[in-house]
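Paired with chain B in one complex and with chain C in the other, chain A is shared by the two complexes that follow.
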Partner chain A sequence: MIAWYEANVVLIQSMFISLLLALSIQVPFRAGVFSLAGIGSYGVGAYTAAIVTLQLGWPPFAAIGAGMLLAAVIAYLLALVLARLSGLYLGMATIAYSLILSVVVINGGELTGGAQGLFGAVSDLQTGHVVAVAVAAVALLALSERGRLGRWIDTVREDPELAVSVGVPVAAIRQLSFVVGGLLGACAGAMNTLLRTTVTPEEVGFHLVVLALTMIIVGGSRSWAGALIGAVVFTWLPTVLAFVGEWQTLVYGVVVAVAAIFVPTGILGLAQDFVRRLRRPALQGGRS
Partner chain B sequence: MAQNLLNALTLGSLYLLFALGMSLAWGTIGILNFAHGSIFMFAAFTGHLLVQQVALPLPVVLLIGTAVGAALSVLAQVLAFEPIQRRARDHRRAELQILVGGIGIATIPLAIAQHATKSVPFGFTGSTFQVEVYRLGPVQLTNVQLVILGAAAVLTGVLAWWLRSARTGLALRSIGVDAEVATMMGVNRRGLAMATMAVAGALAGIAGVLLTYYLGSIAAESGDSFLIKAFAAIVLGGIGSIGGAVAGAMILALAETVVLTQTSGMWVDAVSFGLIFAVLVLRPRGLFGRKEVRRT
Partner chain C sequence: MTVIEARDVAVHYGGIKAVDGVDLALEAGRICGLLGPNGSGKSTLLAALTRLVPLTRGTLLLDGVEYQNAAPASLARRGVARTFQTVRLLPDLTVAENVRLGADLRRRPPAGIVDDAIERTGLGEVVRARPGELSYGMSRRVEIARALATSPRLLLLDEPTAGMNQAERQEISELLRRLRDEGLTQLLVEHDVQMMIDTCDDLVAMNFGAVVAHGSPSEVVTNPDVQRAYLGKRWRAHA
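Right after this comes the complex of A and B.
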């Protein structure tokens, strides 16, 4: 067990970071907000953490906190500016925001290290810390899926007009989903930078949008569990697919396409359907 | 100055050829095809493979690109987008699935081309076509640029005429307004959707082949950047509007040329992203978009 852990520690770290990244997209999705700003927040967190560690020598949790704070402020401003948009338009506007950031850091001069990025952001952040943060985030999100807040969020997604009419604060919940997504994305980015000690502009490009989106779609977008499934699948899939060698990206594409076409609710949705089918005969005496 | 203007016009024509089909499919049958860039690249790549075997002239390579583009686009429609639209519960869900499905499909041709070329840029070195340079006063014009400008003008004109005047064009536009009523009026939705995707793919294939002739060689990843740029052009002009696509493509190409020649650094890519963001915030229906356009 310990030998396995030591051999795979990098993958385990990236699994929890992917989980936080996937959650940063999944939280707005759950409120019916098709925002991919979490990817931009990942970049904000990654670069902020690297800059304050390199230039000011801040300890890791202060660096992560600084990144999360900045990303949350930007996410709140985005939520205000983009309040009119929904659906694909919102998605593309937030993708554009994330991609602009990658151009900005390439042109950022000494502060962001240009095309080479920043390196040498050494800290004493450990795997245990990352796991603890991820577990705490998941626990809080699991709580938000229950009780009144959970019902509010579901209503905002399924029928915003109805939600307004029964007094659910729709605008506030949408803004909150932006901010929470920003916090989670920045947390993932900052921790990734501090673990790897480097950050480059390529890391925060379009492929990260694709990765986050596919984790959610394959895993399931309705619950934190879907993000967890997606993070586990896409962290370990490359090792499972090692035998296909160079054709890995092709298989990856096929998996994503098939999931999008045939399994729109994700693996989580399939599992829930399966459980429901198992339970139903027991409850209703075999009749359907 | 005049030279820059001409180059911007050529670049704009390439964006236009690429964006036209995307805009048409999105504005009428509601499919935003994220595999469009991959199809564009793969059409040029197929041309490259054939040209390595046989010395072909430009028109034949163009025809091959057109056919490959149309075939791949129809394949994506049959295998992915049509099943998604048939099964999806609501419009918004379908949109998201089409987006992600398109991203998944896009990686397949990309992976094949990257594998075959080892990610080295490819071109049409075996083609019998020779680039000729004409000098008109201070301006240099190549025969490739002439073909690009001509193709963009003619194809845009034909498409605009077809949508405006032909019976099938009218039927297609009616799907964009209200798909259910259109079906009740006897519009063959499935057939028209196929035809639209075929036209979109063919235009992407033409753009891919012409870009490769223009630049000499392209990389397998060129499709991705074209996709974002075409998206910016479409959003700027207004979705589904032919005039809008023309204006959007030309404005984007001009703005990029200005940024490229007037500033140092690598800000060019920020132009398209910034345009997308600014237009969506300030005027979501674009310059020429219809007011009643669905925005959900």
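Right after this comes the complex of A and C.
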């Protein structure tokens, strides 16, 4: 077991970072907000953590906190500015945030290291810290899916007009989803930087949009569990598919296309439907 | 005492005057029926009263206080609840959870309010079912139960008995009258004229976005303008 862990520690770290990244867009999706601002926040977190570690010598959790705080402020401002947008238009506007960030860090001079990025952001952040943070984030999000807040979020996603009529603060829930997505994305970016000690513009580029969307489409967007499924699948799939060599990208494409067409609610939705079908006869029996 | 009032309310969509210069006042503890053909502006007026559509002009008052600029979500907290013309339930929640959504308005809702709303609307046997498993009439009841779970002072109902059979309509009519007797003010939009006569204390008839008659049910249904616009000349009340 220890040998397996040591051989796969980088993949294990990647899985938990990917989980936080996937959650950064799953949270707004769950509230019906098609925002990919979590990806831009990943870049903000990654660079902020590197800068404060290199230039100010901050300890890892202070560096991560700084990245999360800055990303949350930007996400809140974005939520205010983009309040009138929805659907694809909102998606495009938030992708633009990520693209603009890439341009900014390339042209950021010494502060961001330009096209080469920043190196040597050494810290004592361990795999265990990353796992603990991811588990804490999942636990909080799981709580948010239950009770009053869970029903409010479901209502904002399914029917904003109905939500308003029963007193749900729709605008506040949407803003909250932006901010939480920003916090999660920044946390993922900051921890990735501190684990690897480097960050480059390529690492915070457009491919993260594709990766995060892929995980959510295949896993499911209605719950944290969908993000977890997506993160597990797309972390370990390359290992499983090693034998197909350069055809891996094609297999990815097929997996995503099949999921989008035949399982629009993701693997999680498929599992939930299955459980519901198993329970239905019992329910009908109880009602008769 | 007037609970809610609309003064010279207009809602225009471009050149279409969905509601145009409507005056309406609901007295506390009474059921006011809103009658009119499809497209006469009834549902738009309900949407205006609940701030779901912006006014082109006019004034809205709740307990004498203007609220035409208030946030729509604040109305539920001030005791205004509504149901919709089409069934709007959350498909993944059970009947009980859909009703609880109304009670979620308050951090600590009154004890037993969800059970009470479920019992009053006759949903006791389907509390664990999901909306997809319910008949249209039962889904309508869930909407009413959800509105009641907000502990409203004013209930706006947009065709609450659509899709129900005669016996079910009778049950809902009796429920609404019981609620009225307990002090709940209601505005009822319906197409079933006999039900409106049996249920309402006052009727308002609309056509082309304007009020064409206002008064007791017998006065309104015998009004020549109303008969021409909606009822047809041969219609006679059975009451």
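Please note the rule applied: the second predicted complex is superposed on the first by the 280 of 288 C-alpha atoms of A that agree within 3 Å, B and C clash if a C-alpha of one lies under 4 Å from a C-alpha of the other, contacts with A are read in each partner's own complex, and residues count from 1 in each chain.
Keep in mind that, in the parts below, a contact is a pair of C-beta atoms (placed from the backbone, for glycine too) under 8 Å apart; a residue touches a chain by one contact, two chains touch by 3 or more.
What you see is a predicted model, and the numbers here were worked out from it, not measured in a lab.
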Examine A:I106 and indicate which partner it touches, taking first as chain B and second as chain C; both and neither are also allowed. first
Larger residue footprint on chain A, choosing between chain B and chain C, goes to B
So, does A:S144 touch the first partner chain B, the second partner chain C, both, or neither?
-> neither
- prompt: Does chain B (first) or chain C (second) touch A:L82, or do both, or does neither?
  reply: first
**Asked** Can A:G91 be said to touch chain B (first), chain C (second), both, or neither?
**Response** first
Check: A:V256 contacts which: chain B (first), chain C (second), both, neither?
Finding: first
With the two complexes superposed on chain A, say which partner A:L213 touches: chain B (first), chain C (second), both, or neither. first
Touching chain A in the complex, chain B uses residues 32, 79-80, 83-84, 87-88, 92-93, 95-101, 103-108, 110-112, 114-115, 224, 228, 231, 235, 265-267, 269-270, 273-274, 276-277, 280-281, 284, 295-296
The residues of chain C that touch chain A in their complex are 50, 52, 72-77, 81-82, 84, 88, 90-93, 97, 100-102, 104-105, 107, 125-126, 128-129, 133, 146, 150
As the complex stands, chain A meets chain C at residues 148, 151-152, 154-155, 158-159, 161-170, 283, 286-287
Listed in rising order, chain A residues that touch chain B in their complex are 34, 81-82, 84-89, 91-93, 95-97, 99-100, 103-104, 106-107, 115, 206, 210, 213-214, 217, 246-247, 249-250, 252-262, 264
